[in-house]
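Heads up, there are several structures right after this.
In the two complexes that follow, chain A is the common piece, with chain B as its partner first and chain C second.
Let's turn to the complex of A and B:
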């Protein structure tokens, strides 16, 4: 490929766009997507006079352009002050050690590049290299914040200029990484470029008050104010669950009544509330399984304990802490024995792993992922299962948060192997999986043409993996199921399957694990999974 | 005492101080949030597929199994053979592995020179015709030294060639990278020449080390060997001051980050450290945090947001 090399220092040089992405550069997909006419349209974003859009062909944050030079300078100053705070123990004890090591020890060998699905899918665009963004941050830090940086920074890392162009592009660039940490897995030293993305987003949010709207204003803020990023308040969520209960009762022939705020229940189940709105069959299937297995469980109508999402994980430590503390307080109030997090990877990791060093004393209530919890039910014999009801090709997506970053690999596989006779793995899978392309908040970000970017670039590798997993069976006559036990992954998979028209062209449906379990339950009416696009 | 010995003493002290300072800097940082990355080597039977204790029902009620054997199985191939590079970047491995393994051999060689020097001071003859111990030290030193010099010289040369010609790293190669590789090459080439032309059994190098013990009051040492030793000494002092200190920090990357899956239990030592960190005052200035430098972490995390 004879593309012009984009260098790290180029980020500071004003131009219309730092880089372009073109369909001809994207790696080919398997048939039927080897033909251009079967691909979704690629609509690169034009430049805007109002919004900063000079990084590439899309926008995620949509930063308004500063009106004056003074305003620009003030934002640059703030960025630098935020970057400095990242390296103080008071402001950044949660990640100080990790960040310091990662900043100091990159050998710049580029081993990590080949691990990144975004870099690969973009046709190896320099700007999407895992190390590109990190190197910009490293050079700024070393030049502008370290003693003698003007000389030693350049000597050690190379030069960079800090100006508004750099910051505006860097802000967008912080949202071109799924924080899936696949690159970190391959680094021979242990350096973590995803961590730098994470910390960079924190500088923008925690110091400058800048974040993707879907994550902050319409995400964690709405959740803390109303109870859920879906906008549902406690009354609405209960109403919606009532509908779901009725629907489940109809569909399964069992009487389903979701328990709310049951003091002393064994289990407080926390769903990603997006499920209730977008995929009601998922919380419905949970209710069916838990009722059939005779589990003592409850949902909480406390704000925001009926919504497990925690977008702070991706951009703001304080927003994260605020939400987990409220989740734990709700569990404490109910006196449950444990919290079980529904099928949502980032919620699971936040509550179990990240919050583990935030929640202390009585708030440190045991927390468990849905996978081992469901595995126990399935293998305990408490529900009767008929695998022949799931006799269609099934593949499994590994949500990065739950698998690579928590080590929950086998429980869901053991369940699927038991109930899905035509299960097949993707390549690679398990902890070496590829991100769906919706990680770090992308799945809920669709402003401007960002969804198109997700379909073509961040989701391309996963789509390719799905097509390959069903190789030889892609005909629309054979219904196929991608099991994605994570709400955000499902959102992303839905968007790209829809974008590539994969339901019509290949009959590929997606859904969670609980739907497969209920579909196999011999005590419920057959046909729980409805083979229609949703 | 000649200047070369003074340089070696100073380099050794610099090395120790730099390593201790680096360890102190890392160790004195506060507790951090968990950020593990699977596979985690000490997970025993689950390690091979990357599983964790979170796969168990009611995991907090189960005894935590920590498999040292499994951890060593993860660590040793990484330390000795740079397994991650073998798996993820084979062309670079062919360059980097000889370089690093050659340096390990040279560290072993230096250790053998120290042992040999001490033995000579105890009147043990080392060389052809010596007793079993003297003979073993003699041949092992030659083997470690020769292997180390050949491998690391080849490695350094091929790493430099990659830095200068591979478009993948174009733009990511700084002046320091080139300087560092050239510094290694200079020391290695001088050592190679000294080995081939002056000191084929490393007996003069051993004499140099013996002189370090006796503050220069030992056998005379040729200037070629003194130069070789000075260059190696300077490298020893320089490496821990640079990003090449990853020989040390890689331990932290693995043990304190990737594999740090220690759960926090009520009343634990870890909980005390977390509580202390939650008390740090915060000065982030975004409006939704309203941090003023006085409110602490816990205050902000438990504050209601403006409705």
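Let's turn to the complex of A and C:
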């Protein structure tokens, strides 16, 4: 690379921008995206007098600049005391072991860099290496938190200056990683650089009150207050589901009536409420399948149990716990046998795996992911399926939270192989998949030019994979379907397909798994999937 | 956070240009907003969509589902994109004076 190398210690040195991202550095995409005119425009963000924007050419958190030196110093102090707490058992027992391992044992071999889609897509920008962020934290830890660190840390581990510039940039840098943990998967030692991203966001949120507003103010706080991060209160969500029921009844010819608050149902289904607002055919298709299969199920209108999202997973352990407990309480109140989480990756991992560390006693209600639940229905013979209705090219995106991080690999594939004659895998796939580029909350973060950054950089690898999966069939005459059984992934895939105009140019549509299932059901009217951009 | 001059008045807007105080909206504001979303002239069809979104928001405190919007205004999604090139959420809702949509939408 001809670019000047950016060293770890450079993060502490004030300058307009630590690094730049330029289209000419991004790796080429397959045709028709090998031509510059077919790419979305990339407008690097200018420096701002009010907002911290000195990391790179975009901003995600948009941290206001401190007004005084004292304010800066206070924030530096809070950051360091927060960082110190991370290394204590009483404050950080769930993550302490892996955090310490990551701090102490990285061999700096950079194997993780080659696994990272953001690093690759940026044109191998040093600042986006998974280990860059961790190395900054490691040097702070060695210099400021270890006994004698100020004397020996610099010589033993490399120098760093903990000043406001370092912290303002680290705060943004904590939002340049999708927390997909592909880097952790490839590390020969077991170092988890994505955990460092998570821990940094946690310190900023829990200790300094700083978080991306889409995740906190308009995310988990709104969910706890009105019931859903979409802003839907219980009345609105019921009204919307009524509309979906009518729509499904029209579309399928079956009578669909979503049950609400049914005590003693076998299954409490918890959707990501964004589905209800933006992709109503998804909760609609769930209702069609469950009714057709004769499942005893219900939704809950309890705040916030009709919205499965749990953005705390990405930035704040306390927010995560608050939401998880409310979800479990709603299930307990209804006396259901189990919770099934809809097609949403982060809420599946949160409620199924992480919640095990939060829910105790009778709140620890059985929980199941949608993929194996649907697989059981599809292979039970309870619904009649005609695969010829799905005779178009289909590929499958693996949501990181469900697949790499939970091992739910085969259920969705067995379903798709059964009902989609033209299924083809992406390369690589399964637990070695690439993130859609919307992971860790990015899919809902779009202020300033961040959405364009997602299209060009964090989403580039996935877009390339999709184009390659449909190689030779990219003509707009052939409708194609990217199955992404996760709301967050769908939002990101929609945004980049729209940004690259891939519906018009290549006829690529996206959607969930349940839509494919209902589209193949021989007892419903044909044409459930509408080949229209949405 | 910034300000935008619409219909001779200054309005607080977020970083994507959505009104911070939706109650300040009126039709003159919508008219001035339109060119910022690639609309040359607000036709009766535009107004039908904008008024439906606005009324729904005042009643329920959130934007309507896109599918509901299509059904109630008799505009399919393709038509909505033709009318509002930046889409129903970023275009039509902004012109109707709603705050930026939140959550996984």
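Here is the rule we go by: the second predicted complex is superposed on the first by the 534 of 534 C-alpha atoms of A that agree within 3 Å, B and C clash if a C-alpha of one lies under 4 Å from a C-alpha of the other, contacts with A are read in each partner's own complex, and residues count from 1 in each chain.
Here is the rule we go by: a residue touches a chain if its C-beta (ideal position, glycine included) is under 8 Å from a C-beta of that chain, and two chains touch if they have at least 3 such contacts.
The structure presented is a predicted model; accordingly, all values stated were derived computationally and were not measured.
> Quick check for you: in the superposed arrangement, does A:474 touch first (chain B), second (chain C), both or neither?
neither
> Is A:241 in contact with chain B, with chain C, with both, or with neither (first, second, both, neither)?
neither
> Given the superposition on chain A, which partner contacts more residues in chain A: chain B or chain C?
Comparing chain B with chain C, the partner touching more chain A residues is B.
> According to the stated criteria, A:229 is in contact with first (chain B), second (chain C), both, or neither; which is it?
second
> For A:351 in the superposed arrangement: first (chain B), second (chain C), both or neither?
Neither partner.
> After lining up the shared chain so the two structures overlap, which partner does A:517 touch, if you call chain B first and chain C second: first, second, both or neither?
Touch status of A:517: no partner.
> Touch check for A:8: first (chain B), second (chain C), both, or neither?
In the superposed model, A:8 contacts chain B only, not chain C.
> Figure out whether A:219 sits in contact with chain B (first) or chain C (second), or with both, or with neither.
In the superposition, A:219 contacts chain C only.
> Counting only touches as set out at the top, which of chain B and chain C does A:487 meet: first, second, both, neither?
After superposing on A, A:487 lies in contact with chain C but is clear of chain B.
> Can you list the residues of chain A that touch chain B in one structure and chain C in the other?
none
> Under the touch definition given earlier, write down the residues of chain C that touch chain A in their complex.
14-16, 60-63, 65-68, 71, 76-78, 81, 87, 101-105
> What residues on chain A touch chain B, complex-wise?
The contact residues of chain A facing chain B are 5, 7-8, 78, 81-82, 85, 89-91, 93-98, 100-101, 104-111, 113-115, 126, 131, 135, 154-158, 181, 184-192, 195, 205-209, 216, 221, 224-225, 317-319, 321-322, 325, 338, 352-354, 356-362, 364, 366, 368-369, 371-373, 375-376, 403-411, 430-432.
> Quick check on the complex: what are the chain A residues that touch chain C?
62, 214, 218-219, 222-223, 228-233, 235-236, 239-240, 243-244, 247, 272-278, 280, 307, 309, 344, 443-444, 446-448, 487-488, 491, 498, 532-534
> Provide the residue numbers of chain B that touch chain A in the complex, in ascending order.
On the chain B side, the touching residues are 25-26, 29-40, 43, 46, 49-60, 82, 84-85, 87-89, 92, 96, 167-177, 242-243, 245-246, 249-250, 252-254, 256-258, 261, 263-266, 270-271, 274-275, 277-278, 280-289, 297, 300-305, 307.
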